[in-house]
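What follows is a pair of complexes built around subunit A, which joins subunit B in one and subunit C in the other.
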Partner chain A sequence: MTPAADADATAPRYLRDRYAIVGVGETTYTRGSNLSTRALGTWAVKNAMEDAGIPAAELDGMMSYSNNDSTPSPMIAGDLGLRLNFYMDVYGGGSSSEALVGLAMGAIEAGMCNAVAIFRSMNGYSQVRIGGTGARARAPVAGDALHTTPYGWFSAGQNFSPSFMRHMYDYGTTPEQLAMVKVIHSEHASNNPKAYYRQRVTVDDVLNSRMIVKPLRLLDCCVETDNATALIVTRAERAGDYRHRSPRVLGVAGRVCKPRSDMHFQHGPISTVAGRYIRDIIWPNAGVGPEDIDLTGAYDAFTFTTMLQLEDYGFCAKGEGGDYVSSGVMRLGGERPNNTSGGHLCEGYTHGMNMIIENVRQLRGEVDDSCPLDGRGHRLHTYDYSEGGCRQVRDANVSMNLGWAMPGTGSSLVMRRG
Partner chain B sequence: MLQGDYRGMSLTVSDVDHENRAYFEHCAAHDFHLQRCTACGLLRYPPGTACPWCRNREFAWTRVEGRGAVHSYGEVHQAIQPQFRERTPYLILLVDLDAQKGEPGEHEALRVAGNLATPDGELAPPELVERVGIGSRMRMVFADVAEGLSLPMWTLDEDAEQPERPWRYPGA
Partner chain C sequence: MAKRPQPRFPEPHTEPFWEGAKQGELRYQRCAACEGVVFYPRQHCPACGADELEWLVSKGEGTVYTFSVVRQNRMPGFIDLGAYSVAYVDLDEGFRMMSGVIGVENPTTDIAIGQRVRVEFEEQEEGEYPIPLFRPIG
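Let's look at the complex of A and B:
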């Protein structure tokens, strides 16, 4: 593929290899946390700090994103006794996490602070339902939403359904192929003790689940959960001060849009998503191509979002996403496993953070499966991927996260083993 | 300000939102209009504050025929908004208007949203939902919400030649 004219992969301004993710942490994934988003956020950031082994005095930046359903950074920092030199809380959902890693790198590069904790805290089941039911469904409608919401075109599944349907029309993609995304992610989740849904499902289970909005059945849709997630970004040269062999950031692309971001459906093909544009930035900036990626974290708000992104990033030819996701490539033990934690379909819904956290642990070689620990607390991975077993990818050297906001907008993050 | 209640939602068009206000007022007269750029002559949808192709901020409201073909759709079986729950299944349609289809780019069209409706603008019954898919020929009708505020909707174009079998999600 042709890199964008201004994307010189060797240029230092892209900060390749200059930053590391030195700590990750999360709360439990539940439905009914019985905690405030402040308490959840504090819990996750504290876990990320302990994971990194970073002293409070060295963590002086904080960022978060939310749909006005979270608690801002100053509350979390205050509770944890952190004095911040920088914070910013932005509005946004899916694909914000990768974008904020890039912005954190920029803030540090500008000399604004030394290390940034990024968190997403949400009661996506018990307070502000991510699926849009409850109070959200009764909110007043004005402005651009007048052209969508009054038509009962409102939830994420409803909003994206014409793109998904058109892919089936354009390329003959089948429900059975998409069901394999859920099947494979459920296999991965069965080896993840912290996943909300750990039971393996079959293609028939997916196809027999009730219809929500064609072409999406219940099991094509992700789970709604309560949880907070966090990660810590700092300069690569400081990474050695902390506990782990920390993955390095090779490249990042943030909130890349298709044309007509006011209503992306105006610019076809509507079965093509923002990945078509992201790939021209992320591959040259990261200095790698699809063949170099050992594992992916393709955002699975729905089975379709995983497929559409992998296809438009160039992991397979356009239109062959259905074959790609149903071939076994994405399975643990396959050529390029996807969402080894179970992702949003099974582990929990975090607007993308848990997929970055999983890839960080994979690149450390220390995924938290059920394999035994040695005397120093390191996992003795068996690489037996049967139910309840291992989920560490063998020789995981380079990972990619493919973040999704909507068909017209997405982000990406490529990391390598530290 | 235009304001009205529709299916349990409070719809509001503020006075400073001139583009949407004029758009919905034309709809209320059952006379579909879009903004035509005074520089490059292209129509645009939905209403906006400049021409997406040439950035000109000037425009003229222009009558546009509300006819076209279904580009894609979603078929809702489990509604989210409470007052849609008794009306499932319902269709969310994206209709490519005949006007300006394939312009300025091959894959571009004025892709106008709406539900499948009966000619009087009511949500279509299930037996009508089953007849519509990608390629179906549609004509615009309106759902009246309040004084000066109506929503474009789509109904099967009885005068048009319909595809023998519009494309629908397999098995249904």
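Let's look at the complex of A and C:
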């Protein structure tokens, strides 16, 4: 049974509409930040505070996640002159950011604090790289590693690729279809001055890049960058105190697992991912369905992760993910654009947080592209999505973030325009 | 000779598996209460929770459920391998095991889902425990 199995989807339950994301901020996306994760995290939270216009006295909660590659909240709070009533630093990478939004709502609901800043700070290129070197390479071969390490199964790409291979086998999904995820995200990134990779690429560029872990080629894999990202959650009724028309949280699902999360691959079908289970929670809780979603943020650690999630959440039929991602639906100007910032494949890697930030800005109608500003600092969006142009989605009312930890675990966040 | 990482003991629940590898046996567990097949070795049956698990020896034959090929790995133990496969193998006794397929000329092109494979225990340059890997049958 899922938590929402007894819910009336027409009634505002599970804190639907009661919370808002009132501020977002980030550092530059770079390689070789030459800064500590403490300095990066402080910079990102400070930017989120300035974005919201929230005074230090009103921000009394902080949360973060990391793979022991960050700096804990008390340090960041100290640097910002905040006195916290609540903090929690958890272990985790992808899919943590959506889950932590839900936990922040719970902490506020319980009266523990009034507003929570959530941050992710990482030197993902110059210190701890996710791609299999660094800390992971030195882990001792004991405990759970005994059934993986002797076989050479370490990095995310090595971990996920067997699922991708089986999907291609079961459904005839092709490398050409998957390449379109990178192509589309690169188009979006070309309109994002913040993105680390802003150059548009073609299907041939992807297919001609070298094989890393079959079936992944270099351009199927996300970029590794140094950066920090942050957002601020508080009650919807306080959102009016701050600067923006802040998006409301319609629903959240956190760290939902497939059966047997210890070894999900033993319990097929392996080409099904956690989204198959998340959808039973998130749609009733949010009170919307796939047809109501105007834009998605489907985690793109790899081109395949975007596709597998969109498919299992029900944006297309099972097995038709290849068609969905290559059809143009996900393009700016398409029916449901995905990762309009360029995502992890192009903008930068922050374990999902930057995709929430992007959707917050989209729902405000204030995406930071190169469109001209009016006298009050608001963008005059042109909706011309050609290279270097606009990336604001027209009439962006409801967004969904599809967070990925691994094939067997994920999270989701649905927001609406404030 | 390969230099894959060795298990580090004590490891109460998995040591019998690795002792089996030393004797050329691919061992798995079966729940005495519900008769469910259990792999990787553990203390309790994940299906019924019983803690009486008996050890059996697999015939070592199975089918490749899925796989990938790591083109290079700079970690000690893998740096000399060049391209190598990681495969999930469905053993005929009813459990799925992470391992790899060896004995093909080109792992990137010569391994397929559905391929029949048989276990073999690859001796390692360092350490006394061979690593169970699979070779295509026929």
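Heads up, the rule we're going with is that the second predicted complex is superposed on the first by the 406 of 418 C-alpha atoms of A that agree within 3 Å, B and C clash if a C-alpha of one lies under 4 Å from a C-alpha of the other, contacts with A are read in each partner's own complex, and residues count from 1 in each chain.
Definition applied: contacts are C-beta pairs under 8 Å (C-beta built on N, C-alpha and C of every residue); 3 or more make two chains touch, one makes a residue touch a chain.
This structure is a prediction, so every number in the text was calculated from the model and none was measured.
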Subunit A as common anchor, with subunit B and subunit C clashing or fitting: clash
Subunit B versus subunit C as contact partner of A:214, first or second or both or neither: both
First (subunit B), second (subunit C), both or neither touched by A:165: both
Contacts of A:131 with subunit B and subunit C, given as first, second, both or neither: first
Which superposed partner A:147 touches (first subunit B, second subunit C, both, neither): both
Which superposed partner A:371 touches (first subunit B, second subunit C, both, neither): neither
Which of subunit B and subunit C A:122 touches, first, second, both or neither: neither
Most subunit A residues touched (candidates subunit B, subunit C): B
Contacts of A:252 with subunit B and subunit C, given as first, second, both or neither: neither
Which of subunit B and subunit C A:266 touches, first, second, both or neither: both
Which of subunit B and subunit C A:345 touches, first, second, both or neither: neither
Contacts on subunit A seen with subunit B and repeated with subunit C across the two complexes: 132-133, 137, 140-143, 146-154, 158, 161-163, 165-166, 169, 210-215, 260, 263, 265-266, 268, 270
Subunit B partner contacts - residues on subunit A that touch it in the complex: 131-133, 137-138, 140-144, 146-155, 158, 161-163, 165-166, 168-169, 174-175, 210-215, 259-260, 262-263, 265-270
Of subunit B, residues touching subunit A in the complex: 6-14, 17, 20, 24, 45-46, 48, 52, 71-82, 84, 87, 90, 92, 94, 105, 107-111, 113-115, 134, 145, 151, 167, 169-172
Subunit A-touching residues of subunit C, taken from the complex the two chains share: 4-9, 11, 14, 18, 39-40, 46, 65-71, 73-78, 81, 84, 86-88, 95-96, 98-100, 108, 113, 131, 133
In the complex with subunit C, residue positions of subunit A that touch it: 132-133, 137, 140-143, 146-154, 158, 161-166, 169, 210-215, 260, 263, 265-266, 268, 270
